[in-house]
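All chains are identified by letter, namely A, B, C and D, in their written order; residue positions are counted from 1 within each chain.
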Amino acid sequence: MDDTMTRTMDMMMAMPMSGSTMSEMDMMAMQECIEACSACSQACTISADAMAGSDMDGAGRCSSMCSNCADVTMTMMRMMMRPMGMDAMSMTAMLEACIAMCRACMEECMSHASMSETCRLCAQACEACIAACEKLMGSMATA
Amino acid sequence: MDDTMTRTMDMMMAMPMSGSTMSEMDMMAMQECIEACSACSQACTISADAMAGSDMDGAGRCSSMCSNCADVTMTMMRMMMRPMGMDAMSMTAMLEACIAMCRACMEECMSHASMSETCRLCAQACEACIAACEKLMGSMATA
Amino acid sequence: MDDTMTRTMDMMMAMPMSGSTMSEMDMMAMQECIEACSACSQACTISADAMAGSDMDGAGRCSSMCSNCADVTMTMMRMMMRPMGMDAMSMTAMLEACIAMCRACMEECMSHASMSETCRLCAQACEACIAACEKLMGSMATA
Amino acid sequence: MDDTMTRTMDMMMAMPMSGSTMSEMDMMAMQECIEACSACSQACTISADAMAGSDMDGAGRCSSMCSNCADVTMTMMRMMMRPMGMDAMSMTAMLEACIAMCRACMEECMSHASMSETCRLCAQACEACIAACEKLMGSMATA
């Protein structure tokens, strides 16, 4: 767990209602998901920019998908940072959308990872984000 | 159809690939959904702010939900404005997340619409956004 | 003034503190600026996507600038929709940043407007946004 | 330097044009600024939510300012992640807006840091973001 994550966790823990609504285990899964969404949103933003300027075949479609994925993962991250209004049904639906978006983006980026280091790193970030979202969904289901 | 919507539609129509990938009917449903998401995101942003400053019972939860809904509808809107990377599965999952989020926000706002004009208008915008998302999903399913 | 703008204005006017902190004239300038930022953010999002997929010379740089301008104008718009926390110095600095960003994006888009209808329309939206921001700054200065 | 930052830096370095346009020193200042904006945007999002639900005096204004600061720092962060369209004048104006916004938010949060741990941590994140933005502006000026 890195510095930013520790800071964010300190803040979430300092919120009045956090303790009562979520078990410690859920909080860990959510913290990891926040971190994975943040890293994925950053990777997608950089990759969208690199692909916008690339003349590689299919670069336009890849750039566009990365831009979508950057926005979806950022929104997902922010929803987890707002415990006051947390709603299980919206959260679950958004986690599913985030997984679907990251999967599409990962597959697109993977398809030309051998030609672009940026795409290879973006695909990795998408894969990690999918895993973190699925883990959080699992921890919510058993709650 | 208002001025902004006409302008946006002109731009979408000017994009090289628009004609080939979407029927005219789909384009109309998507334009209406873009407009509904935009109006809902604006209404939620304003309502989140008003509720943050309100001492009404449950105002904090309402503000937080409105902030989430503002981000979700904005991301939804942007995804429709990026035809280059359009992906049916991500789009469908995101439409479902947008509907779930708007429904939760609408119900929360509705519950104190009698005490807050801002909440009443926000609930209306959420309701219109749900209808537009469902219409677009229907038009995509028959495509 | 179109439908969305009327709706947004109704909501802003319904906010408790609006009447006390802003004159009616300021409110009009701000409403026009909100609408111009919204239209510009949409135009830039569409244009960024179109340019990401274009093999036109300089399309990558244009796409990247449009993505920046889409985010800046959206943030500018949201700041105006949050009267609870309005702060004159942040607002003025952000209006200046928005003008600088729109000017850079407009010049870039203008430079290949003859080859791309999307760029031509995006440049127009940037120009209108600059005018609306400058008008609002003027109205704030005389307040 | 933590894990996320290392990953982001790897990606920025993998971009074709990075080497040519920025000295290594600038890249370090920009990476630190990206990281500070990311941490600040997260802190502000959490703090906006906590304050929305607080009945502390002035909590509404604080929540609203935090929401503004969350959007401004996120947009600032994204602009640095798009080297393709980098423009010195827009960048400088946006850094100034980011500094002004973080200063306003920091002062507001600081004023009730003794009563709210979330506000205290948010003020710290704003302060660090101001320092990182100023350092980047300095490094750009000498370039």
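In this text, a residue touches a chain if its C-beta (ideal position, glycine included) is under 8 Å from a C-beta of that chain, and two chains touch if they have at least 3 such contacts.
Note that the structure is a prediction, hence the values are computed from the model and not measured.
Chain pair with the larger contact count among B-D and A-B is A-B, by C-beta pairs in contact.
Chain centre most remote from that of chain C: A (centre = mean of CA atoms). Each chain gets a centre from the mean of its Cα atoms; for chain A and chain B, those two points are 21 Å apart. Note on chain placement: the centre of chain B and the centre of chain D lie 28 Å apart, centres being C-alpha means. The set of chain D residues that touch two or more partner chains comprises 49, 52-53, 60-61, 63-64, 67, 74, 78, 82-85.
Of all the residues in chain B, the ones that touch chain A in their complex are 60-68, 71-72, 74-75, 78-79, 82-87, 89-90, 92-94, 96-97, 99-101, 103-104, 108. The touching residues of chain D, counted against chain B in their complex, run 48-49, 51-55, 59-61, 63-64, 67.
Interface of chain C with chain B (complex): residues 2-5, 7-8, 10-12, 14-17, 34-35, 38-39, 42-43, 45-47, 49-50, 52-53, 70, 74, 77-78, 81-85, 117-118, 121-122, 125.
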